[in-house]
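Got a structure for you, questions after.
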Amino acid sequence: MSGAEIDNPSAAAMYETDAAIHHLGIEIVSVDEGSATVAMTVTDTMVNGYAVCHGGLVFTLADTAMAYASNSLGSRALAASASIEFLRPAYADQRIIATATSPHVGQRTSYWDVAVTNPNGDTVAIFRGRTKVFDG
Amino acid sequence: MSGAEIDNPSAAAMYETDAAIHHLGIEIVSVDEGSATVAMTVTDTMVNGYAVCHGGLVFTLADTAMAYASNSLGSRALAASASIEFLRPAYADQRIIATATSPHVGQRTSYWDVAVTNPNGDTVAIFRGRTKVFDG
Amino acid sequence: MSGAEIDNPSAAAMYETDAAIHHLGIEIVSVDEGSATVAMTVTDTMVNGYAVCHGGLVFTLADTAMAYASNSLGSRALAASASIEFLRPAYADQRIIATATSPHVGQRTSYWDVAVTNPNGDTVAIFRGRTKVFDG
Amino acid sequence: MSGAEIDNPSAAAMYETDAAIHHLGIEIVSVDEGSATVAMTVTDTMVNGYAVCHGGLVFTLADTAMAYASNSLGSRALAASASIEFLRPAYADQRIIATATSPHVGQRTSYWDVAVTNPNGDTVAIFRGRTKVFDG
């Protein structure tokens, strides 16, 4: 999906200049007001010494889902904190998907739950994060 | 630093086949039994739409410090969970450093505290994670 | 509700000897397989020096919801870790309610999301925890 | 220790009206600028259906250590979030001790690490929390 095809204007604007997710090959699957789904295919350069996807890159996918969900609300927001539970490894060539929804949206601080799943529908990780709106 | 120069044999073995950290340009600064320091220079392909380093990549650096510290103990271990607090952004061209130490090493489960700092010595993020030894 | 009225047999058995929740006045509102709702009225002895309910007791209510939800599945389980975000204070005389559901139930390790709400339906806290089955 | 004996004036003032910790029998062992140690003897009314101290009350002790450490700095602060890892149970009649120190003190937001230990010096739990200064 190119940025032009993202329905949500805030998310589309952010996507245009988001070098990191382009470089990682993260796709924006969908962005609605207050939720987002993103996907990434695990490449050979993403695996660690145990032949599983680096946990940091699984986190990065979840964090990206949160970023697009939080920015879909119209204000600019950045991650303030997050926690992740790794339930099973992801492997090279798997396309993993992360979906973010919110248990609580506040004026400036919002919370996001993200589930990362593999092509079998098994949960790879669960993530909970907090974003803060910033000005300027 | 090449893998051959890492004093700790478990960490050196892991480093040889760790494609992810080579691809991200993460250097192993030092590995001692139960601690590790790693570093990464934020490149133009690591910044997001707000011109700051993607939080997922800051997490990835911290997670890598934990991985090398936990594997320095001689058993193979993987991250089971982690949480991170983002204190200030990291920017392109900054070399950020992550050091992992442990508040509690157990037989199979250990905990790790990681601080990520920028070239000014300011804290970029604090991270706490849990690793589990695995067999095979 | 007395223990005898709790439909779920594992939860009813646990309730009989659970001195802590009796002492705190925590009520078991409902326990179904894989979920539980509990409630507590904030008393004058639960408030701190700022006249709000001690955050530890809000956590205790959430943790109790997790305990009854996880033990409803038939195996004995204990909390292994948890995190909480405090969204707004709870005050003396408020009856606060915590409901636990699971984003992932595993063989031995399960995860639980708990929301704590006040009588206006506002969220006091969100909590995520991990339980482990134990033997003996 | 009575409130009058607490050297730190902010902590002493808070202690006077802190009904919750008096009711739970939590003692303030020491408060220095930016750190605090508190203790609690696990009573028969603090154990759950598995004859171990309710994890919520272990959290409450850790949270109290954070509260006194954060308020020792002169500004009024409340807990905003916290996470805890339960390493081993605490039992009735054990006096458990929690010590809070800070990996990062900010203008309004600070972070605190708390270790809870039993009389053998074994770690019962490790805790990390975040406090925010409030006005009025």
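The chains carry the letters A, B, C and D, assigned in the order they are written, with residues numbered from 1 in each.
As a working rule, a residue touches a chain if its C-beta (ideal position, glycine included) is under 8 Å from a C-beta of that chain, and two chains touch if they have at least 3 such contacts.
Here the structure is a predicted model, which is why all the values come from computation and not from measurement.
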TODO: Compare the two sides of the chain C and chain D interface and say whether they are made mostly of the same residue numbers, over half shared, or of different ones.
DONE: same
Open item on the list: Quick check for the class: compute each chain's Cα centroid; which one is farthest from the centroid of chain D?
Closed with: A
Open item on the list: Taking the mean of the CA coordinates per chain, how far is chain A from chain C in Å?
Closed with: 30
Open item on the list: So the centre of each chain is just the mean of its C-alpha atoms; given that, what is the distance between chain C and chain D in Å?
Closed with: 20
- [ ] Round to the nearest whole Å and give the separation of the Cα centres of chain A and chain D.
- [x] 35
Open item on the list: Using the touch definition from the top, which residues of chain A touch two or more other chains?
Closed with: 81, 83, 85, 130
Task: Residues of chain A touching chain C in the complex - done: 83, 85, 87, 103-104, 106, 111, 113, 115, 123, 126, 128, 130
Task: Complex contacts: residues of chain A adjacent to chain B - done: 13-23, 44-57, 59-64, 67, 76, 78-86, 89
